Amino acid sequence: MPTPTASSKPLRVGIAGLGRLGLRHAENLAFRLRHCQLVAACSPVEAERSTAREHLGVGLVFDSLEAMLQGADLDAVVLVTPTSLHADQAIAVLEAGKHVFIEKPLALNVEDCERVEAVKARHPGLTAMVGFVRRFDPSYANAFDSIQANAVGKPFLVRSQTADQYSPDGFFVRFAGTSGGIFMDCSVHDIDLARWMLGSPKAVRAFATGTIACHPDLAQHKDVDNGLAIVEFEGGARAVLYASRTFAHGHETQTEVIGTQGQLQVGAGAARDRVVYSDTHGVRHLAVKDFFERFEAAFQLEMQAFVDSCLGLRTCPLTLQDATAATRIGLAITRSLHSGQPEAV
Amino acid sequence: MPTPTASSKPLRVGIAGLGRLGLRHAENLAFRLRHCQLVAACSPVEAERSTAREHLGVGLVFDSLEAMLQGADLDAVVLVTPTSLHADQAIAVLEAGKHVFIEKPLALNVEDCERVEAVKARHPGLTAMVGFVRRFDPSYANAFDSIQANAVGKPFLVRSQTADQYSPDGFFVRFAGTSGGIFMDCSVHDIDLARWMLGSPKAVRAFATGTIACHPDLAQHKDVDNGLAIVEFEGGARAVLYASRTFAHGHETQTEVIGTQGQLQVGAGAARDRVVYSDTHGVRHLAVKDFFERFEAAFQLEMQAFVDSCLGLRTCPLTLQDATAATRIGLAITRSLHSGQPEAV
Amino acid sequence: MPTPTASSKPLRVGIAGLGRLGLRHAENLAFRLRHCQLVAACSPVEAERSTAREHLGVGLVFDSLEAMLQGADLDAVVLVTPTSLHADQAIAVLEAGKHVFIEKPLALNVEDCERVEAVKARHPGLTAMVGFVRRFDPSYANAFDSIQANAVGKPFLVRSQTADQYSPDGFFVRFAGTSGGIFMDCSVHDIDLARWMLGSPKAVRAFATGTIACHPDLAQHKDVDNGLAIVEFEGGARAVLYASRTFAHGHETQTEVIGTQGQLQVGAGAARDRVVYSDTHGVRHLAVKDFFERFEAAFQLEMQAFVDSCLGLRTCPLTLQDATAATRIGLAITRSLHSGQPEAV
Amino acid sequence: MPTPTASSKPLRVGIAGLGRLGLRHAENLAFRLRHCQLVAACSPVEAERSTAREHLGVGLVFDSLEAMLQGADLDAVVLVTPTSLHADQAIAVLEAGKHVFIEKPLALNVEDCERVEAVKARHPGLTAMVGFVRRFDPSYANAFDSIQANAVGKPFLVRSQTADQYSPDGFFVRFAGTSGGIFMDCSVHDIDLARWMLGSPKAVRAFATGTIACHPDLAQHKDVDNGLAIVEFEGGARAVLYASRTFAHGHETQTEVIGTQGQLQVGAGAARDRVVYSDTHGVRHLAVKDFFERFEAAFQLEMQAFVDSCLGLRTCPLTLQDATAATRIGLAITRSLHSGQPEAV
């Protein structure tokens, strides 16, 4: 890790949104990261503002992003707000001359992505990074480095899944109307991973199908709880994606990269830890419960990468173009789910 | 295993074709199975006839199926001949009043399958079984039994792959013109497994794509060395298939069955045995080299099942209709690979 | 496998003892092995004689070994009788000029072992083999071959365990008085494996301890249900042994061989098959239930090796000296368990 | 995690010793932990003092513990100094009225341990904790919690190993004269784990043996590079320990706890991450290189536990008595290695 001199001024960060994921980002910024200070927070929700003051010890607390941008002296803003607000808020932050971190997805349409890209292009000195957290997971990072070091030869196929543990409360069903559907909500991570591992080839076409296994209420949203997609890239590479909301054993994020000389697989089995039990149920390990548990270290490394990028200590590992490309593919997949036909990306 | 009385007359079997797979079937019939005798063999190849006499100790050796049917007193015939001959030969055996085992695939077109079905329908007392060997693998059999016992709830998704180790001699390329392509040659097993595990739902539609990673000569046959397909079934079940000719580590046949209450996976890792090595290459096991090694026990159990079915000791576990259904799906997948569009099954 | 010409005369085998393990050997001899015929059987138990006639189709059935030796024209005898009879019976078979297979252990004292060795020495043309079945397990055989091929450098430590699934009926407790104790009954296999893997060094000293976890009745036999031992060999090699009667998940036979360049492990996890389940119990596989299931293939390969040795088709892979050496070490371990001190081998 | 109010005064910590492990503790204290400030450091080595100033940003830097205790206003001191200094330094810190963390082992003789215990007894308000880091590893912690929740029934056997990757430079050989030998240096962790998992039974007797596989120079120190020990506890529990300096694949810390209803295993395979490679070397994962990599999270959690204990936010999870008991057992094992006889603890 690059070490700034002891006199480096820490990055002054404000956070917008302190829901479950926002709180995790905030705790990392406040307690676990180097080179930064969490100095401000904003939320329209009083309980979240109270958490900012009391649990996080943040001095400057506001009820809107606008107020925070005006009332606090910030270097950077972390947006963990509803997706529909991402584009406009990111633009507002950039226009205010501050670095911006945007929780994924950047937007649910390409136009919004491109609007943010355009503003960012006018502020080349600012960092704008979207939260594709898996790139910062140590296992995914090691896998990527191995591929760069030719461990699998030329990679030509990615198989990747995001599967959440079945939740009887069907939390996500209530958000089905605004989440963009299972592929925009879950597979967008796999899309980003596939592009990253394959060397960012241009996607050409996508085909999708799916089924409703456990959540019949999804039908009204034209969504599914188990979705399958194939993406075709220029040059012959392919990706097969699977997203599920109905796994019994836990959250299993799994990605295979198959190349001409070998292959690698990340995350199979989703082990919670290094403990194996042998008892009347067999020989077994427990699985991680959710992406929070699975990507705990990655969330911390991700935000450190953002902070360090803002300070010029390292290059930003993700561009807005990466986010736009993933959105574009996710939308083609979603169109295919609805049309039943392959759709051009 | 049902035990016939010591006085049961063993099944008198003749085999047609003593290539690599034929020889394995013949050795099982001659040396390892109960209730049968390998009494005759036929082959147009002198070396194979010589093997029959000297290695297998078969007394009656012929140069054609016709000659064998006339010259030997047989109860059953095992066909391990080129696919293009399967339908006519199976019909000839049935018309001769003998049980028939046909190595997979039954045929490369549905018409041929249905011709055999029609003849079989006129001989209800005869057994006609196609060699979907994986159903007899102990792991697949245990998986099927578990599903029947509700271990995964209602199964709705099968992911299945057949992957062969890369062979620099590209043996299969020379047969690409007559094999029916990667899906008819390899995935037909996965199709049969998917149907079996899902309770034989009716297939509706298929989509396929693929890529050529290592064998450019395949292009002239409109074939690929890595193929991907999705099959949609009535009632919402889905199958995702993957076939490869280019794996570096060995032959990896792998099948997942995902249900509403859990899932199971057969064959991941393709371990050759129970040995794990820890050395400078890491912590590792070796993989099986090919389907011969992987399904050694299954080939034996499969043929025992055929023999026992012929003798009325058990019900034939596979019907010709299963073979026809798999062929139908495999053909739709292959059409989709060529058209680039989903194809009706 | 060497292939005798079709005219080779098969080995005529008689079996003594048709208990659970005897029946397995008999079924292999009758139905699954090449180059042999099971022509005779003897047992003092009428039910076993009846099984021989009806299930196995054996023509010549006797109520004693003596009667069988007199009444049947045999080339070889397989002894699966109580351990206390092994030595005298083996000698009787050898003196009758027949090959002999003796189920392990050869004897519970060194004197008996040496008596058999002495008789065998007078019949150099006969095969006498003791049933250390694990040497014929494909995984152990592959492990041995790897070590011979220098896969772990110079091996210097073996850790090996034999662990049976807990049985509430405590079957083995009733035999504790005659079994020789846990080390003679279970660890003798691990002792043989350790010697084999380490290149048969001379054992010098042994130390043992143990505990009674679940079967208090063992105390009266001075036996334990979980035993631990360390064996010291000349030249610095060591073995650590563990035997248990109380495993919850199944039968787990496990052996590690540690060398100067790496290590290998056989049997960890004791997977029943290639199926992995992911459900509310975690990600898991089932374990084999008992040594019968674990070593099914090995029992077959072992008896084939005996048959082939008798016929001169291969060299006998196990000598009586191997059995004597294992007995000697097992006895030293057992003495140490009772004395609490290291005991010279 | 308990959350002190935002106004809590952080713990003011000084560190003594900034070698490899000291630096890790210092970085955690300076950058990654809550509720503390690293305000002072001392070392007799100029390079380490320079690191303290420039890399860690510590304002108060001294060349001796005495100078630091006088010159800095501290609440707690972390000792990462040579083992021979631990006891006297710990006493000095406690007598100065400050909490103390002592890197393991507390001492190489029981008298020193008891001297520290006696001083600590006179300062009941101070925390004194020894660095048995594995107790803070999430996997070991989960294992312990499972055992407390009766996952394995009554535990009666622990098998535990500490194995370091072979290092051609034989770093540890140079320290063999002062390290106390392989059991005091490595197995002391396993001893502590065994006591912890088994419910802290009283150890009665120990037996040890070992071998020199790769480092002949150890003979002059009466040490071995592969050591084996058995510990007998009152009530029947047993522990089997293995320590090695010569593993080819990495650092493998592994612990099994076997109980009457099941068993669990921590750390087998020592996977570096969640990546599995399939290539011409087989199906494999890489192993962690050393205890630094293996216990990265544990070192952080350990120090947080110490800080929180000092602040009264939680109870100190480890007592000096635990350290004394482990030392006592380690010394008996070491005596047994030299005497060749079981030794009373």
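The chains carry the letters A, B, C and D, assigned in the order they are written, with residues numbered from 1 in each.
The definition used in the following text is that a residue touches a chain if its C-beta (ideal position, glycine included) is under 8 Å from a C-beta of that chain, and two chains touch if they have at least 3 such contacts.
Note that the structure is a prediction, hence the values are computed from the model and not measured.
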| item | value |
| --- | --- |
| Set of chains whose contacts include both subunit C and subunit A | B, D |
| Higher-contact pair (C-beta pairs counted), C-D versus B-D | C-D |
| Distance between the centres, which are taken as Cα means, of subunit D and subunit A, whole angstrom | 37 |
| Length of the line joining the C-alpha centres of subunit C and subunit D, rounded to whole Å | 43 |
| Separation of mean Cα positions, subunit D and subunit B [Å, integer] | 57 |
| Where subunit A touches two or more other chains, by residue | 247-249, 261-263, 268, 271, 277-280 |
| Subunit B-touching residues of subunit A, taken from the complex the two chains share | 153-154, 156-157, 159, 207, 209-214, 226, 228, 230, 232, 236-238, 240, 242, 244, 246-249, 258, 260-263, 268, 340-342 |
| Residue ranges of subunit A touching subunit D (in the complex, touch as defined) | 3, 5-6, 31-32, 34, 53-55, 57, 138-139, 142-143, 146, 151-152, 261-268, 271-280 |
| Complex interface listing, subunit D residues touching subunit B | 247-249, 252, 269-271, 277-287 |
